[in-house]
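Structures given as structure tokens follow.
You will see subunit A twice below: alongside subunit B first, and alongside subunit C after that.
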Partner chain A sequence: MSERDTDGARIAEKACETLAGSIRGLAAYHLNACVRCGLCAETCHVYQGEPVPENHPGAKVAKVAGYYRKYHTLLGKYAPRFVGAKDLTLQLLDELIETVYGRCTACGRCGIHCSVGLDVAAVIQTGRNVLAAVGKVPEGLQRTVDNQIETGNQMAVPPEELLSTAEWLADDLKVEMGDDDASVYVNQKGKRALYLVNPREVKFFPLSLMAAAGVFHAAGESWTISSKVYDVTNYGFFSGDAQSAAELTRRVVEEAKALAVEEIILSECGHGYRSFRWEGPNWVREEYPVRVRSVLELLDEYIVTGRIKVDPTKNDERVTLHDPCNLVRHGGLSEPQRRVLRAVTRDFVEMTPNRQDNFCCGGGGGMLSMSEYGDRRIASGRVKADQIRATGAKIVATPCHNCADQLLELSKRYDLGVEIRAVVELVYSSLC
Partner chain B sequence: MLDVTRCFVLLSVLWAAIALIAQVAAARGGGREEYGERSGSPGKGMLHNFTIAMLPWHKETVKHHPGKFAAGVIMHMGVILTLADAVVVLIRPTTGLIDVWSYTRWVVACSLVSGVYLLVRRICSRNLRVMSASEDYVSILATCGLLAFALLRSIDSQYQLIFLAYVGLFFVFLPLGKLRHSVFFFVARGDYGRRLGYRGVYPPTMERMK
Partner chain C sequence: MQVNSKTVEFDKDGFMTDPSLWDEKVASAIAADEGIDNLSETHWRIVNFIREYWKEHDLAPPVRLICKELGVGVRDLYKLFTSGPARGACRVAGLPKPDGCV
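Right after this comes the complex of A and B.
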């Protein structure tokens, strides 16, 4: 046996083990349910962007189901060709990479509309789990996971950079708010809330962080960031590496305990919300010792309870809202951001369709960190571009920095001429 | 001979039931707890997923493919009727359900036509060919066979034995291939609805439904 053969056999064995683990308790339900009726094609933005059979949600499910059938069904074992069962060989694993990372953002929209009602995104996640276990994650995505594990944040921003950014932001905030007490708090023990941010806010979009700090100040909030553990994202979730995902979750919980906070507030991030709020406790297999909320829920509370006063005329232009799939369709958080936007803008319009029925922007599922699928990502964003154009909005609010990146690119490529803003930025600019 | 066939049908139904229960139980083996603090109701989510979420006007799949969806629904109606017919024939070999109400024969006939249409469509559509294996064609053929034999039996009682024997074979095959979706449809939809309910996605608020 050659070295490659031995290697291949070892990888295939590990892939089988992971598959067996992943399907127990969840995926087998869904893998057995797809009838390959083909009705879901148009519900998928990737298929709409590039209508080839390989982009059909049913075909993606069939690909993962082929491996399941081979190792977990009778006919799959004894009549594999008859049921389309496939061996987990090295070559087929490579094909699976393209299917589960390159052709699907695991947005879950097709599942909502599926004639049977199966969770397609969970099936795709099973495929990702298998590939992550055998080290077959696309390079860019894996690098992001490694960064996060090694440096504590996905962009490998050193803690000193966070500290200096916080410092100058605090100076600017004092001037802007005309109040010397306004600040960006870092590593302060005993505050009420630990605020997690997207490292992108630190590196490229500090105004978003400043807006949050400004609103917190206006609300008299007691809050802090940790320079050690501040990343709200979790790329282990995207890659399918549950171990890394669990490790990142544990670090946040430990830091919250160390700083003795009562609550963890997640900044605007779709997958960050889903992975920490919902998947995190499942990865670490226990309930959190502190409360967890999205900043959207907090902003909503401030406005509803009158802790901050806002003036919608300060946001005069038409605003629409993009619903991140992981926040809304997978996370169940759809209304606070709407109440907030209605309160802080003068002309808020919905996209059609919206909420759990909304289309993915095309940048989900870690797609933005996999440059090899860049063209497909832009093509799949056409549906979103059309949705935005139809609203006539000048500003697209999106409670997700990942979606914001994609929407910025879509605005350029599809000539939408829209501004992309975080919800907290609109709240900040509406403060009385 | 009739008694032997009836026994065969009963045994095959028993086999299908045991095999399907074992498959569902094996899938559930690892369990899947939600540890995050609940923000909705799993029960309400499940209920929504089995009711409102299934209404054709809530499904984009139906909006895009009304004819194909209707064919699927009609075919399944015929299958349910045919299986009910088989139960009646098993208990009272002289009458079947389809004979009692003659219009049911038409439902089964339409169902057979729908089945044939779905088979032809699977053969002709490139999208479907890419995702299909032989069992997809065989399953639909097997279903068409079931409907055809039920019709024949309702027209000529000579086909009674063949019909029952076919029903027996159908149940032997059922848990082995894609026909197992007859159970996994409920299991998957229930599981998904429960999770969406737990996380507060389902049921959507009235405001969202507008």
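Right after this comes the complex of A and C.
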């Protein structure tokens, strides 16, 4: 047996074990339920952007399901282990990698249109779990997970840099608000809320962090960031590495306890919201000791209760909203951001379709961290670009930094000429 | 991309695959792709700062340093590079793509 085959057999065996561990009743149903009706094709932004058979959601399910069936052959009474080891080759693994990481953002839209209710995104996630267990995660994505585990945040920004950036932003904020008491609080014990941010806000796009600090100040909020644990994202969720995902979740819970806060507030982040609020307790196998909300819910509360005063004429241009899949379709949070935008902008228009039926921007599922699929990412964003253009909006608000990056690039590639903003930025600029 | 006699290659995110081939002409060509026809003096100061920082630290500098060291307003930076510091300025400076949500 050649070295490559031996390697393949070893990896395949581990993949089988993982699959055996991750397939339970409902998952087995999803892997076997596809009736090949084909209705899902047009629901998929990847297929619309590049209509080849491999991008058909049904074909992606079949790819993962085929693997599952091979596993059953392996354990079948007529097939001893070495038969499976021959079947499950490295080449098959490579095809699986492209399918589950490079042809699908796990946005879940096909699932809600599926004639038999098959959860395609969950099937893809199963495929990712298997690949993560055998160390076959695409390099850019894996590096991002490693950064997060090793340095505490996915962009490897040192804690000192967070402190310096907070000071710098606080200085600018005092000037902009004309108020010396405005600040960006870091590592303060006993505040009401621990605010988690996307490291992208610290390193490259600090205006949303500054805006949040400004709105918190206007609301008289008691809040702090932790310089040690501040990352709202969880790339273990994207790669399918539940162990890393659990570790990242646990760190936040421990920090919330250490700083004695009453609530954790999540910055605008699609998968961050989904993974921390909904998946996290399952990973760490315990109930959170404190309440968890998205900053969108907090902004909504400030406005509805009159805790902050806003003037919609300060955001005069037409604004539309992009719904991040992980926040809305998977996370169930769709209305607070709409109430907020209607209150803080003069001309808010929906794109179509929206809410649970939104189209993915094309950058979800960790796609932005995998350059090898860059062309497909842009092609699969065409449907979103068309949606935006049809609204005539000048500003696209999106409560997700990952979507924001993709939308920024779509604006350039499809010549949309739109500005991309976090919701909190529009709230900040509407403050009276 | 062909710049003068040089063949420069990019990854699928538009970042240079071999940053050592970078020079001012390459920067101008990437900038044109960004929709910046003429790099102003401020553009150049930002690009050169990013490049020097990267050579020393093997990392893109945070926005804070760019703004503080060069005296550029944070809101102005996004007007100069509409794709932002990562996909805009770092790309023009010939850096490889930074990891993560960018």
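The rule is short, and it goes like this: the second predicted complex is superposed on the first by the 411 of 432 C-alpha atoms of A that agree within 3 Å, B and C clash if a C-alpha of one lies under 4 Å from a C-alpha of the other, contacts with A are read in each partner's own complex, and residues count from 1 in each chain.
Here is the rule we use: a residue touches a chain if its C-beta (ideal position, glycine included) is under 8 Å from a C-beta of that chain, and two chains touch if they have at least 3 such contacts.
All values reported here derive from a predicted model rather than from experimental measurement.
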State whether A:200 touches subunit B only (first), subunit C only (second), both chains, or neither. second
Would you check which partner chain A:293 touches, where first means subunit B only, second means subunit C only, and both and neither mean what they say? neither
Under the stated touch criterion, which partner chain does A:144 make contact with: subunit B (first), subunit C (second), both, or neither? second
A:384 contacts which: subunit B (first), subunit C (second), both, neither? neither
Of the partners subunit B and subunit C, which touch A:372 in the superposed model: first, second, both, neither? second
Just subunit B (first), just subunit C (second), both, or neither: which does A:217 touch? neither
Which of subunit B and subunit C A:402 touches, first, second, both or neither: second
Which chain, subunit B or subunit C, ends up touching more residues of subunit A in the combined arrangement? B
Can A:282 be said to touch subunit B (first), subunit C (second), both, or neither? first
Can you name the residues of subunit A that touch subunit C in the complex? 140, 143-144, 147, 154-157, 161, 164-165, 168, 172, 198-200, 202-207, 210, 233, 235, 368-369, 371-375, 377, 401-402, 405, 408-409, 412
Counting only contacts in the complex, subunit C reaches subunit A at residues 11-15, 34-35, 59-60, 62-64, 67-68, 74-75, 78, 82-87, 97-102
Residues of subunit B touching subunit A in the complex: 23-24, 26-37, 39-40, 49, 53-54, 59-62, 64-65, 68-69, 72, 125-136, 138, 176-178, 180-181, 184-185, 187-189, 191-193, 195-196, 199-202, 204-205, 207-208
Quick one: which bits of subunit A touch subunit B in the complex? Just the residue numbers, please. 21, 23-26, 28-30, 32-43, 53-54, 56, 58-59, 61-62, 72-75, 81-84, 111-119, 277-282, 284-288, 291-292, 328-335, 355-357
